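Some notes on the structure that comes next.
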Amino acid sequence: MAATQAMASTREAYGRTLLDLADKHPGIVVLGGDLNVSVFTHLWRDKYPERFFDFGPAEQNMVGVAAGLAASGKIPFVSTFAVFGVERPFDQLRVLVSQPHLNVKLVCTHAGILTGEDGMSAHGIEDLALACSLDGFHVVVPSDAEEASQAVQAAAEADGPFYIRLSRAATPVVHDQSYRFTLGRSETIKQGNDLTIISAGAMVAVSLDAADLLGQSGVIARVVNMHTLKPADEDAILAAARETGAIVTAEEHYVHGGLGSIVAQVLGQHHPTPLEMVALRGYTVSGPAEQLMVRSGLSADSIKSAALKALKRKQG
Amino acid sequence: MLSSLQPALVREMTVPKTANGNSSTNLNGAWKAPGRVQELEAMARELRRDILQTIFTAGSGHPGGSLSELEILISLYFYALRHDPAQPSWPDRDRLVLSKGHASPGLYAVLARAGYIARDELATFRKLDSRLQGHAHPMTPGVEMNSGSLGMGLSFALGCALAARLDAKDYLVYAILGDGECDEGEVWEAAMSASHHKASNLIAIVDRNRIQNDRFTDEVMSLEPLPLKWRSFGWRVLEVDGHDLPSLLSTIDKARTRRTRPTVIIAHTVKGKGVTFMENNPAFHGRSPNQEEFEQAMKELA
Amino acid sequence: MAATQAMASTREAYGRTLLDLADKHPGIVVLGGDLNVSVFTHLWRDKYPERFFDFGPAEQNMVGVAAGLAASGKIPFVSTFAVFGVERPFDQLRVLVSQPHLNVKLVCTHAGILTGEDGMSAHGIEDLALACSLDGFHVVVPSDAEEASQAVQAAAEADGPFYIRLSRAATPVVHDQSYRFTLGRSETIKQGNDLTIISAGAMVAVSLDAADLLGQSGVIARVVNMHTLKPADEDAILAAARETGAIVTAEEHYVHGGLGSIVAQVLGQHHPTPLEMVALRGYTVSGPAEQLMVRSGLSADSIKSAALKALKRKQG
Amino acid sequence: MLSSLQPALVREMTVPKTANGNSSTNLNGAWKAPGRVQELEAMARELRRDILQTIFTAGSGHPGGSLSELEILISLYFYALRHDPAQPSWPDRDRLVLSKGHASPGLYAVLARAGYIARDELATFRKLDSRLQGHAHPMTPGVEMNSGSLGMGLSFALGCALAARLDAKDYLVYAILGDGECDEGEVWEAAMSASHHKASNLIAIVDRNRIQNDRFTDEVMSLEPLPLKWRSFGWRVLEVDGHDLPSLLSTIDKARTRRTRPTVIIAHTVKGKGVTFMENNPAFHGRSPNQEEFEQAMKELA
């Protein structure tokens, strides 16, 4: 990401947004797993202690309790790191939350390899494959702090289970406050008709950088911010296929089960189109986030090469 | 006679609780009314027949654990619970969470008798488009939680119990767990956090029938000293013969009074209770009796 | 499935095959979670009690113990129902088995909706999304008892983690003993060039039935048995795309993260081709397996309609 | 002087065990040799500096739990363990599984001193292409298990312990758990099954520093009575001051003898031990000291 860009923390935006929602939604109760400072729910814990419950590192129970609270009319926001909130208690999310379609909001931080130095086990690179396999779940991957804040508000207002995926690292600001997030409706954050880069989360900023690089070589790329992975914005994907004829997906996630899978399925079923996928091909190690991103091919350069490849295939 | 235990009376038996949250202390001992225990015992005998009929008609299901939990369910639905079969989602209701959801036939038989569903509906168990799922699911009026994956019910029940605190409501939450189910770590996560969060309105009942899916608990995974485990996790522990109604009812009374922390009742039961060849027989954990076995069982319960 | 077909139990084939492997592979040890009769490892338990360990319903621990055994040179076969072996201990599979690439063989039965009457929570319809998100895992979905037996042998011989997915219901026999299973190399079980039906597991038999129906209307469908989902046989997928120009995937799994996703990604990245997906679109309820399959659109008829739709799109 | 504790001696100190599986009884008390405890105490002081240097150089890491576990690790690697730093995967080695893998700097410092890795390598901690991962990972010589997700180590250790039985080997398996980690249900699944399967060659050590990630264990999730919990799960329980080397060493000796079931040592420790402003301070669970704090800490440990 261009060092010049303003950065902001999506997880801090989450913690602060929760405070704003407290009065409007008296049903909101926050559940934590001994990571409340890191996920910024300590702000809520200290301000609304009676509406906060800590369960320590015992995530299966935390999700189960959240289901019971939701079944009793509460709006539980459950927060920990992605690997501990999705990968660890998956069966509880499936049986107690997804199947009965309960109103549980799972907001996890430290997803993906941006978690950096903590290493392999801390890198949640399969959380989207898991969350998107839960029928009826809303899965949202905000691209920056502003979008994260609006997504959290949308989750509080909408009924049903949500998974919102946030990062550890501060990420580039790509939206100002005039931006309006609409659940399930993607944002065309940059116009273009030569090809389309579809991405989500922190990769949106990287995709915009890639679009700049492409622009320098005269290729005008469209960039779509597919912030909602489930339900995905099929219309935008198909419009991109029809209007630009070549698609690149860019995601900070394992190559299976994430954004690329979703886009590939939509294209194959409705409008077969050359597709290139920029995604993780395996596990990563400890290291600074930026270095890991480059090493793993989640860089503007690799998106650019993927785009040129897709363009070549489009031209046949 | 038994009809005197239909919904109307159930409601009458469950007048509102006192605000201090020590629920229904005024009701304690109400089951001692002349003839009541005999009625409940007769009901148990009838419902055992309903359970077997339900499973036999479906051709599959879990008789063993349904028969062992029956007196527990009867004690709750026809005495302890504050509930209204006409309003399954009455916000002030006491909750019963069946964590061992494979034993749904026991619950369905009781829900039918209490008036949540029609008795005829039992014949639809496990059939396509029935509301009576193989494992208890909230699509059935009176069922609180989706089940089938063991170990989750106590967490869910704790959530309901904490909601009562947030809403300043005085309802109680009961959770029925299997003994084999206590192998699941989530049960101990829930136990630890329930005492940490002082959920004194949470009452767990362990159906201690000493058999799990394949074999006896001592063979699969030793649980003893089970009472000490719960005590060391901060719970008040009561033990009782899970088929002796007077003991069971008075133990539940005790559990509902002087509550300063969560309480667990370890109910010593017999898996397959009531049918000689099913009792203490792991083979009937999860299979339906065949025609001959069914007739023999119904004869025994006649 | 045609009632006339011979049926055989893949889980019984598993239990019996294990016995055959006991002497050849003294390192094999079997772990169970109180479902050993249902998964047919009780045969092993009773014959080799000292090489068998039961953990009761405590699947996280069971997988963790398996990892320790594998790290100590053993070949642990871990067996329970799919939902309890994949969905419940997913984080242990990720951190203790997949990331260190340990030699654990997870063989689960009762996957998918063929589990029938037990209902929603027992229907493992997202296990493939989860297993395929584990880098380095082999994921195999045998189509019948013979293939299940050979897949289990292959797992015992190959190094590294495996997930083998089996059914509760006896499934149609589509292979005789002359069949040779090759890990990672799919089987073209029926030739044809009008379009290709790619499926796995019990859906292979259903796909063959669909191919018969199509044949009656003069459409000659190829049927590919993609028994190994990970690593998938990309060559066969691309050959089918080139040679038949239309693809239908048929799977007993949720529409996200399974066979359809894999095929869609391969096509999009290498050879965009009209794709129709026959898969589950939501949770199922209790009921007889056959009725659930039809109700959920996992029938020869729905595959046929999908095929005709794909054909129409191919002809443009 | 300290070099007398380098690999060569480590091997010499760990002669083969007797076949009956009661390991190294012949070695018990060997640590009482004149000057040995003083050597180990001096080593602890040095390694505390290495730990802080490692974390400060990396700019992130977990000092609190690395400092609290240090004497436990020293007692194992420089006395109790039968191991050979020159052959990290020697099949007969005793295993040490660090379940609380975030405290890897403590382990790395000890592995470096024991000769598994070069001391210089500590400077690569958490850097790209280092073998010293943020959470302990088997890519480091001497590390048995991939870690970072709490609650898994005791299960893994039990697997190693059962493998010893299958191979008729007499090695012991030690697992170090955090106290906050004991919130995870998998720990209790493992505890229950270890006693059920009579894994008498398994020794768990709980680093009872009374602090977890955010706050004190009493605030996040009460654990007491912790010894009773383990006892009720079938374990022999020993308690000790986890920083007093003589007590720790003799307690480990006790744990290694007369083993009929799994043993847990609850080591009462101080999180951040050795640095005044880190001691009992939750803030230093997971952050590196800044320049000023670092210099202050190194002065204290000079």
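Lettered A, B, C and D in written order, each chain numbered from 1.
In this section, contacts are C-beta pairs under 8 Å (C-beta built on N, C-alpha and C of every residue); 3 or more make two chains touch, one makes a residue touch a chain.
Quick caveat, the model's predicted, so the values are computed rather than measured.
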For subunit C and subunit D, chains touching each: A, B
Per Cα centroids, the chain farthest from subunit A: B
Rounded Å distance between subunit A and subunit B, as computed from the means of their C-alpha atoms: 41
Rounded Å distance between subunit B and subunit C, as computed from the means of their C-alpha atoms: 37
Geometric centre distance via CA averages, subunit D-subunit B, whole Å: 44
Multi-chain contact residues (two or more partners), subunit A: 55-56, 58, 60-61, 83-84, 88, 91, 94-95, 99, 120-121
Where subunit D touches two or more other chains, by residue: 137, 146-149, 151, 183-186, 189, 192-193, 221
Graph class of chain-chain contacts, one of line, ring, star, complete, other: complete
Contact set on subunit D toward subunit C in their complex: 91, 97, 137-138, 144-149, 151-152, 154-164, 166-167, 185-186, 189-190, 192-193, 197
Residue ranges of subunit C in contact with subunit A within the complex: 83-84, 87-88, 90-91, 94-95, 99, 120-121, 126, 129-130, 132-136, 230, 247, 254-257, 260-265, 267-269, 272-277, 281-283
Subunit D residues within the subunit A interface of the complex: 58, 60, 101, 126-130, 132-135, 137, 146-151, 180-181, 183-185, 212-215, 217, 219-221
Of subunit B, residues touching subunit D in the complex: 151, 183-189, 192-193, 195-196, 221-223, 225, 228-229, 231-234
Touching residues on subunit C, where the partner in the complex is subunit D: 29, 50-51, 53, 55-56, 58, 60-74, 76, 91-92, 94-96, 99-100
